[in-house]
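The block underneath contains the structure these notes are about, expressed in C-alpha cells.
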Amino acid sequence: MPNRRGEDERMRYKVSCDLGYEVEEGCAPFVFNIEAQRRPGQEVLEERLTLSQDLEAERFVMPESGNRYFRVLAGKGDLSVHYEAVVDLAPEVVDPAAVREMPAARLPLEVMTHLLPSRYVESDLLQTFAQKEFGHLPQGYGRVAAICNWIHDHLDYTAGSSDEHTSARDTLLQRQGVCRDFSHLAIAFCRALGIPARFVSAYAWRLSPPDFHAVVEAWLEGPEGGAWFLFDPTRKAAADGLVRMGVGRDAAEVAFCSPFGKVTCGKPEVRIEALDRDADEALTVEAVTLAAA
Amino acid sequence: MPNRRGEDERMRYKVSCDLGYEVEEGCAPFVFNIEAQRRPGQEVLEERLTLSQDLEAERFVMPESGNRYFRVLAGKGDLSVHYEAVVDLAPEVVDPAAVREMPAARLPLEVMTHLLPSRYVESDLLQTFAQKEFGHLPQGYGRVAAICNWIHDHLDYTAGSSDEHTSARDTLLQRQGVCRDFSHLAIAFCRALGIPARFVSAYAWRLSPPDFHAVVEAWLEGPEGGAWFLFDPTRKAAADGLVRMGVGRDAAEVAFCSPFGKVTCGKPEVRIEALDRDADEALTVEAVTLAAA
Amino acid sequence: MPNRRGEDERMRYKVSCDLGYEVEEGCAPFVFNIEAQRRPGQEVLEERLTLSQDLEAERFVMPESGNRYFRVLAGKGDLSVHYEAVVDLAPEVVDPAAVREMPAARLPLEVMTHLLPSRYVESDLLQTFAQKEFGHLPQGYGRVAAICNWIHDHLDYTAGSSDEHTSARDTLLQRQGVCRDFSHLAIAFCRALGIPARFVSAYAWRLSPPDFHAVVEAWLEGPEGGAWFLFDPTRKAAADGLVRMGVGRDAAEVAFCSPFGKVTCGKPEVRIEALDRDADEALTVEAVTLAAA
Amino acid sequence: MPNRRGEDERMRYKVSCDLGYEVEEGCAPFVFNIEAQRRPGQEVLEERLTLSQDLEAERFVMPESGNRYFRVLAGKGDLSVHYEAVVDLAPEVVDPAAVREMPAARLPLEVMTHLLPSRYVESDLLQTFAQKEFGHLPQGYGRVAAICNWIHDHLDYTAGSSDEHTSARDTLLQRQGVCRDFSHLAIAFCRALGIPARFVSAYAWRLSPPDFHAVVEAWLEGPEGGAWFLFDPTRKAAADGLVRMGVGRDAAEVAFCSPFGKVTCGKPEVRIEALDRDADEALTVEAVTLAAA
C-alpha cells in the first residue's frame, strides 16, 4: 500500500456558506472564522467573501493554528455574509498499522499544549475512565479509532440534546450529543491517555443535513514523522472530504462567528460539493492526515 | 504623575528555586517552566540552571506566550533541579484613572483568545453573576481592581482548601482557595465582562511563605496603548515585585513542572530577594504593566 | 402585638386547577399531589376532584409530610383533571423578634432530616458561603429573612432560565431562576447554617401570572415552641395567602404530577380567589406559621 | 427450591462498635445511628449501649425507615461510645428467577419516594445512560444484579478515592470509589430505570477490613409480594450476613454519627462475629430479602 496518493488523487471541493444577522446597534464587532485554512494538503484555489454592507474586513491568521479570522464592524440593520471557495485536498492516506503513538519524550513541545484540559474537555477528570476502557489496548492509530468506535457505539447522536455549555464530562453522563460533543469526548479520552488531540471545524462532504461539522485530530507518528491524523467519531463525514476552517483546543476556540453587541443570528446555510467525485463513493476508512509535520 | 519610572527606577531581584524528584523508571520526561521570561520590562541579566543528573535540556520558547520550557529525560533515581537568575524589572507605573477598557472593536485579534473560557475559568457560566456584581461599575482599571477587591473580601485564603481540579465555579461556591483559585475567579469575571485576562505564574517578592505565586494580567488600554496590566487578588505580593515565569489561559498552561512517568515530587523551595530595596517598603498600589504592546 | 389572630381573622380561599394530558398508551399511571393539605391552621371546608375519564383514584397521605397523593391508571386518549377546594387558613402571626433559632440540642429528631442536603439543595457544598454571608448575623427569624432578602436582591427572577435539573449550586452561579430555584437556594443556606428548612408547593394568592408556587418553611422557635415558619424569597405572594399542597426536602418530592409512560402534558391552569379579602390589601410582612408543633 | 429457610436457618451474629471523640466545648449534641434495626427478619436478642460520660440518651425511631437514633449532649473532654448486640437474621432466600420488577401502577405509594433523585444519587441525570446500558435487559432481579455486576466490573474499589461530597455522577466519571460510592451508583441506575432503591448501612460479616458497610436495597416483587431485596455491588459481604443499622435515600440520611459543635473524631472500630457459622462458608448468591412487606 502506497503511503501517498499520487497527484491525480487530489480532490476538489467547492464550499460555501451564507450567514445572516440582524444588528440592533451600529458599529457592532463580529469576528468570523469561516474561511478555509491554507495549509499543506489543503490548497485554496479561489475564494470570494461578500458582505451585504460595505465594510472593511480586518484580517488575522493565528500563527499557532493557521486559523483565518476577520473582523468587521457592522452597521445597524441586516448583515449577510457569503463565503465561497474552491479547495483542493491532497490528504495522505497511510496504512493505519504503520501509525504509532508518539511518546512524551519526543512530542514537539508546541504540540504538548494539546495534552492539557480545556473548557469543554476535562481530560484531567477522565484519567481513570480512559485507562480502564482504553489503557490496555495496543498503542497507535487503532487505539484512537477504538475510542471513536466506543463513542459511536455508546452515545446517541441527538440534535438538540446539548447546548453551548455542555462539556465532555456532561456528554459522557448524558450519553448523547451532536458532533461538537462527540469530538470533545474523543479529545478528552485521547488527552487522558497522553495523546495530543484537538478540535477541528470544517465543511464536510456528504454531511446530512448540511452544516458546519466538528471532528478530531490526534497527533500520531506515521512513517514520515509526527502529524495530525483525522478522526470523526460521528462517522458522518468522509475523512478525505473535510475542508478545515479552524483548529483549536475545543469548540470555544473555533466559533465560526463571535458577535459582540446586540445581534440576532439566523441559521447558517452551508454547502459543499465534490467537483470530481460521486456522492455515493465509499467513505475512506484508512488513516488520513493532511501532511506530516 | 509621570507615566514611566526613569531608568533609575529599575528594580533588581535575585530569584531561585530548588526542585527535587525521585524517578522510578529511567528515561522519564519532565517539562519545566521555571525560567524567568525575557520580555520588555523584564530583563534577565544572568541565570544558571543546574541538574543533579548529567542531562541535556531541550529548549523551547512558546511564541504566543514567551514561556520558556525545557525538557529533560531523567534517569532512575534522584533528580534535583536548581535555577537562579538575576532579573531587572522596569515596570511602567501608570495613573489608574488613565487606564481604560478596550472595546471589542479594537482588541488585537490575537488577544481575543483570552476572552474565551478555559478549563479552570468557566467564564461562560458566570456572565450573569459578573454583570450583576460588576456590570454597573465604570469601565476601566478600576473595574478590574473592584473585581479583585470583591474576591479579596468575599473569599478566604485557605491553604489546602482546593486541589488541581478546582475551577472558578467551584471557588465561587466554596468561597475559599489559594492564589491559583483567586486568580482563576478574577480571570473568569474579567472575561465574562469582555476584558481579556490571563494567568501568570511568578516569583513574588515578599510572598509569605515563599512559594511560586499566581496572579492575573488583564488587557487594558493605557496612555500608550493596549497592554497587560497586573493584578493580585490575594494582595500578597507587590505588583512591581513579580518576576514572570509563565503566562497562559489558566493554571493548566503554566505548570512549573509536568512529569511523565512514575515520579515522586518533593516540595519546591522558592526564593526571591530584592537587591536594591528594603523588604518593608510599601507595596505599590498603582496600575502596573511591564510594557505597552 | 398579639401572638394569634382571633377566630375572625381566618381567611377563606377558593383554589382550583385544571390539568390536561394526552396519553399515548392505556393504563398509564399518574401520581398527583394537587389537593390542599389538611393540617392545623389549614382547613379544607369542601373540595371536589373531577377526572375526564371514569377512573378510580387510589389515595395516600404521606405520614411524615401530610402530602395527599392520588394515583390513577389513565386510558389512552385525553385526560383532564379538575380540582377545586374552599380552604380556611388561620395562620398565626408572631412577632418576628420573638422567633428564635432552635439549637441542635433541642431540635425534634424527626425535624433533623431537614438539615440534610438533598438533590437540588447541596447545602454541604455551601457551608463556607453561608457562613461568610450570614454567619455573623443575629440568629432568629431575622436571619432567615436576611437570607431571603439576599436572594431577592442578588438574583433575577427570569422565566425559562432554569430547568428541572437546576440545583441551588447552579442557581447561585447563574444568579437567576424561578420560584423553585429561589426556594432551593434559600433552603440550602438555611441548612448550611443549621436551620432545618423544607420546600413547599402551594396555591398562592395574588401570584402573577397565576401558577403553582414554591416557597420555603424554616423550623424556628416561636413563643409557643418550634414550628415551621413560612418565607417567600421571590416576594411574589402573601405569606398568609398560601394554600399548601406539598412539603418535602426539595422540588423532587412535591411534583404536582408524576406521569409514567408516554404522555404529553399541557400547561396547568391554576386559580386562587380570596373570598373575604381585597386583592389590593397589603402583603403580610410579619412572621407567619400555620401552627406551632 | 423452597421460598423460605426453616427456623433452623436463622443466623446469629454478635456485632459491636467503639467510637471515640474529643469534645472541645461542653453540651455538644451528637446524633447516633449505630443500633441494629428491629424489623421482620432481624431480631435483636440482646444489646448494650455504654457511654464514657454519664449522659442521658434521647431516643427516636424514624417511622418511615425504622432507623433508631439517639442523641446525647456530651460534656467537654473525651467521649467514647460502645454498642454491642446479638442479632438473629432470618432472611428469606428466594429463587431469583421468581423475582420481578413491580410496575409503577402497583408500587406502594410510600415506596415511590425511593424513585426520586437525592443528594448523592442524581438519577435524573443518568436516564439515558441507564437506558443504554440496562434498558434492553429482561426486567427483574437479574437486571439489578446486572447493574451491580457492571459496577463491580467497571469501577475500582479504591480507599481514599472519594470524599463526603462525592455523588453517583462523580463516581461514574471517576470509575472508582468505596462501598458508599458503589451503592450510590447502583441506586442511581435502579431509580433511573423505575426501580425504587435505597441505601443501607450495616454491620457486614466477613467484610475486610472490618468497618461499617454500605449496600443497596431494591424494591422488587417476589412470590409473596413486594419487598426490599439486598444487593452488594462491591461483592465484599455476604447478603445473609448484614445487620442493618439504617436505611435511607442515600448516605446523607444514614450517617452513623452526626456531631454538632467542635469535635475531633477518632476512627470507629467495628466488629461482627457469626455465632453459628464458619468464616469460610461460601457467600450467598441467591436473592435475599428480610421479609416481604
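Quick notes on this one:
The chains carry the letters A, B, C and D, assigned in the order they are written, with residues numbered from 1 in each.
The rule we apply is simple: a contact is a pair of C-beta atoms (placed from the backbone, for glycine too) under 8 Å apart; a residue touches a chain by one contact, two chains touch by 3 or more.
Note that the structure is predicted; figures quoted are calculated from it, not measured.
Looking at chain B and chain D, the chains that touch each of them are A, C. For the interfaces A-D and A-B, the C-beta contact count is higher for A-B. Chain centres here are Cα means. That of chain A falls 48 Å from that of chain D. With each centre defined as the average position of its C-alpha atoms, the distance from chain A to chain B rounds to 31 Å. Listed for chain B are residues 125, each touching two or more other chains. Only residues 27, 29, 31, 58, 60, 62-64, 69, 71, 73, 103-105, 109-110, 112-113, 116-119, 121-122, 124-125, 164-165, 194, 249, 252-253, 258, 260-261 of chain D touch chain C when the two sit together in their complex. Chain contact summary for the complex, chain B toward chain C: residues 125-126, 128-129, 132, 154, 156, 169, 172-176.
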